[in-house]
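Going by the order they are written in, the chains are A, B, C and D; count residues from 1 in each one.
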Amino acid sequence: MNDRVTHAKQVLASQNIELPSWAFGNSGTRFKVFAQQGVPRDPFEKIADAAQVNAYTGAAGSVALHIPWDKVEDYAALAAHAEALGVRIGTINSNTFQDDDYMLGSVCHPDPAVRRKATAHLLECVDIMDATGSTDLKLWFADGTNYPGQDSIADRQDRLAEVLATVYDRLGDGQRLLLEYKLFEPSFYTTDVPDWGTAYAHCLKLGPKAQVVIDTGHHAPGTNIEFIVAILLREGKLGGFDFNSRFYADDDLMVGSADPFQLFRIMHELASQDVVGPDSGIAYMLDQCHNIEAKIPGQIRSVMNVQEATAKALLVDTEALSAAQASGDVLEANAVLMDAYNTDVRPLLAELRGELGLAADPMRAYAASGYAEAIREDRLGGQAAGWGA
Amino acid sequence: MNDRVTHAKQVLASQNIELPSWAFGNSGTRFKVFAQQGVPRDPFEKIADAAQVNAYTGAAGSVALHIPWDKVEDYAALAAHAEALGVRIGTINSNTFQDDDYMLGSVCHPDPAVRRKATAHLLECVDIMDATGSTDLKLWFADGTNYPGQDSIADRQDRLAEVLATVYDRLGDGQRLLLEYKLFEPSFYTTDVPDWGTAYAHCLKLGPKAQVVIDTGHHAPGTNIEFIVAILLREGKLGGFDFNSRFYADDDLMVGSADPFQLFRIMHELASQDVVGPDSGIAYMLDQCHNIEAKIPGQIRSVMNVQEATAKALLVDTEALSAAQASGDVLEANAVLMDAYNTDVRPLLAELRGELGLAADPMRAYAASGYAEAIREDRLGGQAAGWGA
Amino acid sequence: MNDRVTHAKQVLASQNIELPSWAFGNSGTRFKVFAQQGVPRDPFEKIADAAQVNAYTGAAGSVALHIPWDKVEDYAALAAHAEALGVRIGTINSNTFQDDDYMLGSVCHPDPAVRRKATAHLLECVDIMDATGSTDLKLWFADGTNYPGQDSIADRQDRLAEVLATVYDRLGDGQRLLLEYKLFEPSFYTTDVPDWGTAYAHCLKLGPKAQVVIDTGHHAPGTNIEFIVAILLREGKLGGFDFNSRFYADDDLMVGSADPFQLFRIMHELASQDVVGPDSGIAYMLDQCHNIEAKIPGQIRSVMNVQEATAKALLVDTEALSAAQASGDVLEANAVLMDAYNTDVRPLLAELRGELGLAADPMRAYAASGYAEAIREDRLGGQAAGWGA
Amino acid sequence: MNDRVTHAKQVLASQNIELPSWAFGNSGTRFKVFAQQGVPRDPFEKIADAAQVNAYTGAAGSVALHIPWDKVEDYAALAAHAEALGVRIGTINSNTFQDDDYMLGSVCHPDPAVRRKATAHLLECVDIMDATGSTDLKLWFADGTNYPGQDSIADRQDRLAEVLATVYDRLGDGQRLLLEYKLFEPSFYTTDVPDWGTAYAHCLKLGPKAQVVIDTGHHAPGTNIEFIVAILLREGKLGGFDFNSRFYADDDLMVGSADPFQLFRIMHELASQDVVGPDSGIAYMLDQCHNIEAKIPGQIRSVMNVQEATAKALLVDTEALSAAQASGDVLEANAVLMDAYNTDVRPLLAELRGELGLAADPMRAYAASGYAEAIREDRLGGQAAGWGA
């Protein structure tokens, strides 16, 4: 057990959970975006907020950008700003769903002019990767149809494949394309990349620089996500995660808040293949909407939730587990896993934080810092960031 | 069969499907609202568009208002405008989800001041009913929580009951309160009126003027909606429908477009209890979002879809059906129902339209009318109506 | 905290989880029933096995019977047998789904002769309640249809209501009728009591002796079960639970094994209304199928899972929770709940067991007892109990 | 239109829907198998019943066998029996879920001895293919786990891959391996081939003789099956169908009875790629359970349902559809598809049957034939066939 604790602390000390810049801006549902006070007004302020999360958790050293929401004149300045605050720029996330031209799709649109426009945007994102040093291009397409007959499912796949190949060819050394799938929303009949199988089939043809991203909120009810993790790891095609949680659809709640046991099972699958750490090539990221809760502490809490699930996964007695599995002892194998899950790992993480020079309780430390009050006062005027800006 | 056709045409000739004023404004998902050209800029223009749907279908003689989206200075003028265009004002729909105060709920909010504000809005809606002559107040609450522990489920029910009682007491003679339920969205952990049972329990306590509304997109996967129809009819508590269709969640697609057989089964349940017509006391309404398709023809098509499902339901050989059911002949009973469903009722409806002085094909007739082109030219400038305005 | 721990231990010391006699017999899926060794061959042996679960947990003092599977000549002898082993006979569960006459239903069957037969069985179950001193009649009906049109949904409700009224009238003082609902299976189109609303509506008309049973595996995907708990408690109509867990449908896995956080939330809702103990009038029961795991330890583990979820629920800092809820502090309110959930309550339960004179680890104590080996040797020959016998 | 009708009739005249031998035996749920009268007692009688379906529909010329349920001494005799009755032996379906050794899996079992046993069975199935001239080996595995931790997801994939490779290597020229996926049941936590992506990944590695089978009842709620059809066709990996329909889980109801519009959309996807006919290399098959309806007419009705959906799909005005799609006319594209769906194709099929020398109404013709009465009288004594025999 002591060895396991030591190993767990080593892995946890190196763990990195990337934060999405857009989690710090306003977000909501189609019914209403409730504005919060102190929300960032530009990418620099978003990165400042993200740096707070890292300052208190020590586990969130990079920030994903969303283009065009995070477009700036000078990406070198943005990268320097991040570095000065102790974080770095991570994944570049494209957006081909908010231009009026994209009403019927972007890379799968029947009109080649629209596809060219979308392709140009994707290539621009690679330019930004070059400018920021980002290695990962994350592609999620809102493309799909709402009505049977609206468009040809097969033709749309051909169009998608063509655009993906163009973007893939543009990638430089050390750059990757991460393809994300989603069951539905904003399209309601077909989605052009609805499941891991479709993303996998495309990535397989593109080549080794193309990998699949799992967003934990993007599946049909009943889908076993840890199974998909296992399969994609086996195929060498697991590129990253968008962490969040859901009760119904793509609710984008804080990761671990809806089904903490599922999060543990996912981390167990990853820990059992020793791919939790930063050398794994898997881009671990949050992708959430703090519609009704405060955003910075919402992100802190989420990072802590991932840490706790990871800690539990690292404490699984793998020898006992394998032995029980091999002997077909269903109850004992389940019990070994549950023993780790039922362990209270908060003391271990508090201890680790102490060793890293961090406060034992990130939530309280942030609350006591006065940062929230400061930004509420400082960020008056201007346009609060959100999904549309 | 001839008797059945004759009866079907009589019922169909009197059928009324209410149109929602907001279907003519812009709508979308949290990702994007794609603006369309020629969209109404005020309630008068919305009613004008709705009147077009009625002009070509003869089956959409009323328009539901949404407050505050459809607030006007002079409701009598609005009612007169409607009448001049051959339609009337129908259900009044409240909105307690778009004020910043409602971030954590409205009628179930922990703060009594917020509940009072919401209650005042609901009472104002009854005032508008008095002013417009509308008899039905439709209540849908976005209230709920996103996270376990966020609020007390039980306390929120008490608050809800109290507000409902206040509103109920304000209703005049001939006025009703229609309570709508919805599984989720915009709340993602609990919703305060999530299912028909909850709505039913509240309506039961309120009294005979309170009834339940079924929105066909507001259920968990696998829910048998026609069963709920049967139960609520049996309990005398079915107040109305919000028709639309869905593949996944509350997609708000055109009714009958996702699962036309389900729509038929629902209409069969209603027809078998002889409550399809306007004297049934059931408020039949569309509630849809034409995010990517043209709005007026989207509504025309939807009315036609309901008409076709109704026609098929009215053609069921009920004697043969009952006989097969009584004898336990599973295949024959199913076959009798499917015979009606598999009938092409478009000729019957075209004939009926001819008898009513309407064009046989409402879609083509509208397209040929030039109305779409006219509003695109006329409605330049101003603010297009949408969910937020 | 100390007060809370003390209170928790008091409640836990009195908690009773009823065991289903049929959990000790063989069970399986439609594909295969895998026979296990040492399985009971009659109700006396089932009760002996159930008594083992109670002996090691101290929390399973009653055993539910299933009629006709547990029919015996002399119920007094069975009750005495139970008492001698430290347990008592609990709920009587009816079965109207295994006679060939019930192919198209039992209490809802179109043929009155079949309904009379089913009614007679239900009345016989009340006779057995009289003979055994059982106070609760649990009714679950497999009734429903597989094909649209197969039977009239409305007529079946009328038949159901009539039979229920007959049975209700037969109940003696202190006897209850507990009506269980289920979404689907074995019927695949309609089920005659598919949801809590339907069960509630019937119980309401029957009277105060009729209450609703929640089986945790009987809902549509995404259903919030703790919400239903809260509503039924509010209406005074929560009669009991069939505990188990599921990933997909009615999987009947060990309670707490699929979503332990959900189980905690359910227990939190109950604890917050102070109805966890045996005086609550709520019949807490397991209803599971140990298809591939050993049955007695499967039941022990399940009882422990309920105990752990209960213990966590009892440790919730309710004052802090209410304060956070009242102030609208979403993150804090959620944190208070999660603090309790994340607590490792196994030491507390081990301590409690020590105080009660039980072994700290029921699983190991049972394994060391030799009982499993003994019944494997003793129960050779005869017909192992199962769903069909 | 006339050309389209002519073409439709040509395709329909050649269409073949394979029947499963086991559809004629008794089947049920875990709650009860209701025995029917006149059920076959051996494979010869099953084939005789299947031949009746072909005699009245002209579209069911082959019968799938299930091993060991359909094991016979002399497969040549069985094949000759089939031929004499106008049908032929089709797919060979393996069974590795009914031996007691398979409680924890077959090809994925942790014990290599169990895997060897399962492999031997699969190889025996290829022997039977050699003996019967069957070209397709259909593999569906019940393998999976019920509890988190029970076994290693990753290790089970390795075991699966190894067995599949062994079987693949044994295939002769012109023989194929068809791998079927299923979300859940009888396993409730993980299933080792749960989705099309997993089946596809395995088939891809195996080679060109391995293809994926879609069972229309084996998906998570909300899955778009026609999308999977399109993707697998695009990848050249669609090997066949198990047709049936479902409202909830793997209900195995008659195809087209739960969602006829979905069946139409699937057939439209296939028709649009011109792969409906027997030369497509796609094995179209029914896989249903007639638990409460008569089996032979249940199969006849199912074949007719597929024919009707196919006829509608063949009547789609593909030029108009493509034009509307290309121009982004959402409503018109949907309308073109719905025009075909709303067409009553029963007259066309009746006409076609007349041209083929068949009765216009297969259901009535079979009912009038006296066959049902004859087998009820003839098949007294013996053991009725079912899933276990």
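Following the convention adopted for this analysis, a residue touches a chain if its C-beta (ideal position, glycine included) is under 8 Å from a C-beta of that chain, and two chains touch if they have at least 3 such contacts.
This one's a predicted model, so the numbers in the text were calculated from it and none came from an experiment.
Between A-D and B-D, more C-beta contact pairs are found at A-D. Shared numbers divided by all numbers used gives the overlap of an interface; between subunit A and subunit C this overlap exceeds half, so the copies present the same residues. Computed centre separation for the pair subunit C/subunit D is 38 angstrom, with centres defined by C-alpha atoms. Look at where the CA atoms of subunit B average out and do the same for subunit D: the two points lie 40 Å apart. Of all residues in subunit D, those touching 2 or more other chains are 104, 146-148, 183-184, 189, 221-222, 224, 247-248, 257, 261, 292-293, 330-331, 334-335, listed in ascending order. Taken together, the subunit C residues at the contact with subunit B in this complex read 104, 110-111, 146-155, 157-158, 183-184, 189-191, 194-198, 200-201, 204, 219-224, 226-227, 230-231, 233-235, 261, 265, 269, 272-273, 321-322, 324-328, 330, 333-338.
By the touch rule above, subunit A contacts subunit C in their complex via residues 221-222, 224, 247-248, 257, 259-261, 292-294, 297-298, 301, 308, 330-331, 334-335, 341-344, 346, 363.
Only residues 27-32, 34-35, 97-98, 100, 102-104, 142, 146-148, 183-186, 188-189, 221, 246-249, 251, 253-254, 257-258, 291-293, 387 of subunit B touch subunit A when the two sit together in their complex.
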